[in-house]
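Chains here go by letter, A, B, C and D, matching the order in which they are written, and residues are numbered from 1 within each.
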Amino acid sequence: MERKLAMMGGSYNVKGFPFRIQERVVSQSEQFASDNYSGVCPQAWKAMEAANRMDEPAYGEDSWTQKAADGLRTLFDTDCDVYFVFNGTAANSLALASIGQSFHSVICHELAHIETDECGGPEYASNGAKLLLGQGENGKLTPESIEHLVTKRTDIHYPKPKALSLTQATEVGTVYTSEELRVIRAVADHHKLNIHMDGARFANAVAALDVHPSEITWKAGVDVLCFSGTKNGLALGEAVVFFNRSLAEDFEWRCKQAGQLASKMRYISAPWCGLLEGDVWLENARHANACAQRLVEGLEGLPGIQLRYPRQVNGVFVEMPEPLQAALRAKGWRFYNFIGGSARLMCSWATTNEQVDRFLADVRALIG
Amino acid sequence: MERKLAMMGGSYNVKGFPFRIQERVVSQSEQFASDNYSGVCPQAWKAMEAANRMDEPAYGEDSWTQKAADGLRTLFDTDCDVYFVFNGTAANSLALASIGQSFHSVICHELAHIETDECGGPEYASNGAKLLLGQGENGKLTPESIEHLVTKRTDIHYPKPKALSLTQATEVGTVYTSEELRVIRAVADHHKLNIHMDGARFANAVAALDVHPSEITWKAGVDVLCFSGTKNGLALGEAVVFFNRSLAEDFEWRCKQAGQLASKMRYISAPWCGLLEGDVWLENARHANACAQRLVEGLEGLPGIQLRYPRQVNGVFVEMPEPLQAALRAKGWRFYNFIGGSARLMCSWATTNEQVDRFLADVRALIG
Amino acid sequence: MERKLAMMGGSYNVKGFPFRIQERVVSQSEQFASDNYSGVCPQAWKAMEAANRMDEPAYGEDSWTQKAADGLRTLFDTDCDVYFVFNGTAANSLALASIGQSFHSVICHELAHIETDECGGPEYASNGAKLLLGQGENGKLTPESIEHLVTKRTDIHYPKPKALSLTQATEVGTVYTSEELRVIRAVADHHKLNIHMDGARFANAVAALDVHPSEITWKAGVDVLCFSGTKNGLALGEAVVFFNRSLAEDFEWRCKQAGQLASKMRYISAPWCGLLEGDVWLENARHANACAQRLVEGLEGLPGIQLRYPRQVNGVFVEMPEPLQAALRAKGWRFYNFIGGSARLMCSWATTNEQVDRFLADVRALIG
Amino acid sequence: MERKLAMMGGSYNVKGFPFRIQERVVSQSEQFASDNYSGVCPQAWKAMEAANRMDEPAYGEDSWTQKAADGLRTLFDTDCDVYFVFNGTAANSLALASIGQSFHSVICHELAHIETDECGGPEYASNGAKLLLGQGENGKLTPESIEHLVTKRTDIHYPKPKALSLTQATEVGTVYTSEELRVIRAVADHHKLNIHMDGARFANAVAALDVHPSEITWKAGVDVLCFSGTKNGLALGEAVVFFNRSLAEDFEWRCKQAGQLASKMRYISAPWCGLLEGDVWLENARHANACAQRLVEGLEGLPGIQLRYPRQVNGVFVEMPEPLQAALRAKGWRFYNFIGGSARLMCSWATTNEQVDRFLADVRALIG
């Protein structure tokens, strides 16, 4: 995965000089780099403002946290256990650590974020669990691939599989249908695997599949979901939702020890209330998905340009000539290169149709 | 330490039902429980709003993070390395992990927060380093105590001391003078110990000592400081400041792996800019310290009431009869019990003189 | 604990020059330093020789390992799970890790070996669990002390107690009676704690109490025992015996990952067969205890000499004038200094009455 | 890797019933399963007997350990630091942990033992370091593959490569020449990687290459070597040899904490003296390699049989029809299946020509 090389971690890599970088001004309208470049959506901001009006007890004993947790239980229509942590690395790593021990293993797709972009976060939180890499088209694990990884070795020199991690939506912008999830659940049951769902873009998947959130989580046998608020329109804050509550035993201690217990937790939970009220989270996701679709429609049929993966959520992965990519960057457009140099165009709640159209116009002009 | 038992973690302890607690309304004016019950100060809020106006690169490559890091270098008047993490547990744990290995040990006071209230955070981040507990009056480690811990054992069955952790201000609201720090530094030099400073209330210590921040950090031989923004008026976000930059090698990878790299980092760094501009951080600290002093002056001389520790920063530790404490709580006042049942009255940037006076009036009325 | 400083770790402490030490000849007859200075007892050696006559499957699939494990099940008269690891640090650390998670805590006596002499082994294997230190006379935890540690804090900032570790016999050579163990078990039951027994000198305790091994283990509510073979007369090899078999789930993977799965396991298990056949383990322990008693009888009443702790197993802790200790060392006698400078005289299966008498004669001669 | 499935871990996998297996008698003459099925060679046994004649100080302060360490320094003709640990999992895992931190990565071949058969041991000892898998024919990493892994990502979301692990001889019985090692060292230098050598069969590699041990270690830029004694003819005990002594800082504490410090260390080090005196280690390796060659010569040209990898050390990897393998097993021959079902025939110091010839006769008879 060559991606991110160009733009990421630059400042970090100048050893000893973190954050010493030249000022970079990015106007809202010129980037498709990531949904985490966007800010806080108005409804979340409003809730945060409300939460800021008075003092509140710390460590989650405030009323906002209670309300947000209850809101998620209502959303999923089940009595799940809910915890809020700071970011996705922590949510995924701690959720996986709650499933297995250091000598167990986690099955995931070779393109899964937990394998490619967490810098060993899951291995660290679990004190050494290995990830076993499976395959499948469009970034989706196949039942056969899971079966193979669980059965090819059963000796003690090979870490025993305990968890299965699915990314919904996947790193390449595709989704698992509830039917696909049920088939995978059957394999998981057969081999006593708990299912973790990396929901960095869970909202976009729900919007794309047009299903009730329960249909692709607990009703499909998902044990724990990491539901991202950050990419959906918050400043930070992920919800770890345990549908299998036995896995959540003492999880609050795990969060505390790992540096994931916010003292002023209401600044995570209140914005979540903002997302949940009136299904803003879903609106944000639908909008981002629609912007991606608008990009696809504008790009389709242009010479030298073709989709690398089917567009299902808010990311568009498209093959375009290197010179064209360079010219677009020269015009100020920011986007990452992904596998094999294809361009990843990511939309968010903050993307606008005008921005999409400006980008398409530039592409057409450059192709001439 | 019986403290916190009464009020903390209540909701967490109902296993399997996190956050299921009865709504609790706490008006701003009725609590001295903790400086982390307070909200975000206006200047920090304003900066956060400004940062929310447009998209910005993620993972610290934004202009706000650069500005905040540069601001801290200017504040400390030295070319230090600066990183922002989510909370104090993480700041302390990761900073200590950067000093030693799993088989090393950290010397700290028996009342140090890293020992009493981090749920094994430092042991977790270091994969097993032990804390060696020293003594000293008023929560301050003595040079003799440090010397004793380093020299009493040198065999391999005892973890080798590598780090010395000082809390400034201490858990009992006292401060180390720059002279005291220099004496401790000499002991540390003699035994090749790096000094970590837990600055959960560093701002209050600077205000109390009325010194330049450099005087009680790098000029006194501190290698790494965890400077808390949360208790000073932010929603969240601590600065890990490496004066000894060799200890910061690859620290950004450590943060990433540990789930402490914020994608939308500007929501931590912009508020820091708000604190730094015009020395708001110092004003906030001075105000909190002054409120604590006002409490002391009002309580002194009242029958059955006496200070447990000298009041030096924003916390007042006072012995008062159990019935009086109960009566105050009945009137809606919230505060923690500390060592041996004394009351801990904590002030913050948000505490008001009126609030202090109301509390004092209630105390006097109850004593009758 | 100043102990070991004098003699231990010397070569290790010359950084970069491990094992560069001047030859030291210690005749069998001149040491009371430790039971791990002794060699392999004849019966264990004979079994090891037998095991060396032919090839055997690796990793515990050999006939000797099966026989040794069955032998321990017979000895304890219950269907326990048995594993063999290389040494005591590993046995204790891995057994404790199987009881709790990184954010849990282990209650033990402040003089427990796992606290004072494992260099953070338990913290390492558990990835950060803290040891909570209790008190009690003669190195034995009291029920009150346990109760206090479990109840004084229940908030999430304090690691949740999950395990109780008892050393049988203790570091100061005393033993818990089965009655004492049952009282402690009741406290453990009340607080849902699993009991780990550090049996570095378990054989000596059984010999001293003259009970069936089951009486002070599973019948007294011990969940897992680390039964030392090394100090009893093996070259190396401890048995981890799970009476509570649910704790042993996947323990073989834990051993493998931690580097505690011997490929040629028969060289640990065959000698164990040698110890078990004809109760050699018990004979060895009785002999060592008797030698210690002979020392006590010879020392009692001598001017300036008195027992520091009651002699119950194979160690004698005796206060003697520093000059006398120095003179004895000058005559070639080796022994450790323990708490507050008392001398620790440790006997083993290999100690002889003649050796004891020579030592006593030297003491008497020096006292004059 | 399907290997081991058939024969390994069987008893371990019956949860709750470790070591409950039916007796299996394996006559010395009927196995090519593994070099760790063999016993202790006479010279090592003799040294162990000598070491058992008297008491000795514990924890490596004995004369045997000094002698063995000095012997290894003499063998390698350099002033290296030497430590003895119990087994290969520990040797490799702790050596790698001494090179990097939890957020670093280790580059190794996709068939490396540390990746395929240590159950996450390196990840555990390092608290989360990832292994980056490279390719290369015959189980040998190519410089290009290393270069690719180091350069394809440099962002902080990808663990920073710090160590390069080479297996000498490889898992498929091939060796790196000193020339090949020097080319790899140049790549390592360019990217600041330290080189770890997994020497589970180092002796066999030295014998095969007919070079001085220094030629393929420190003179070729190897920083730390894990030199296996177990597979060469000991009961257990690996030497961790640091040529780059700065990496060995405080390594003795690391061993202690990890449960790898033997109290009666002489039972590891004395046998090593037996191997070193008169180059017994080399004789054992040459003999094993010669037996493998005898196998190859006898198998070559037989219908349906062909080598899977060039035979360079003591293992023969051969494709043979499944029915033939079954028939051989039915006759009592034991051997593992390796990648894609080929048979792995492993020879050791204890293998005899008669045994080889009996096997060949059976093969010929079965082929008819």
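Here is the rule we go by: contacts are C-beta pairs under 8 Å (C-beta built on N, C-alpha and C of every residue); 3 or more make two chains touch, one makes a residue touch a chain.
As the structure is a prediction and not an experimental result, all values here were calculated from the model.
Across the two candidate interfaces, B-D and A-D, the one carrying more C-beta contacts is A-D. When the contact pairs of A-C are matched by residue number across B-D, A-B or C-D, over half of them reappear in B-D. These two copies of the sequence, subunit C and subunit D, are related by a rotation of 180 degrees on CA atoms, to the nearest 5. Spacing of subunit C relative to subunit D, judged by their CA centroids, is 32 angstrom. Computed from the mean C-alpha positions, the centre of subunit A lies at a distance of 41 Å from the centre of subunit D. Subunit B and subunit D have CA centres that are 50 Å apart. Counting partners per residue, subunit C has 8-9, 12, 59, 102-103, 118-121, 124-125, 127-128, 156-157, 159, 250, 252-253, 256-257, 261 as the residues that reach two or more other chains. Touching subunit A in their complex are the following residues of subunit C: 59, 101-104, 127-128, 156-157, 159-160, 250, 252-254, 256-257, 261. Only residues 7-12, 15-21, 23-28, 31, 33-34, 36-40, 45, 48, 51-63, 65-66, 69-70, 81-83, 85-91, 93-94, 118-121, 124-125, 127, 230, 235-236, 245, 248-253, 256-264, 267, 334, 350 of subunit B touch subunit A when the two sit together in their complex. For subunit D in complex with subunit A, the touching residues are 1-2, 4-5, 8-9, 12-13, 102-103, 105, 116-121, 123-130, 152-159.
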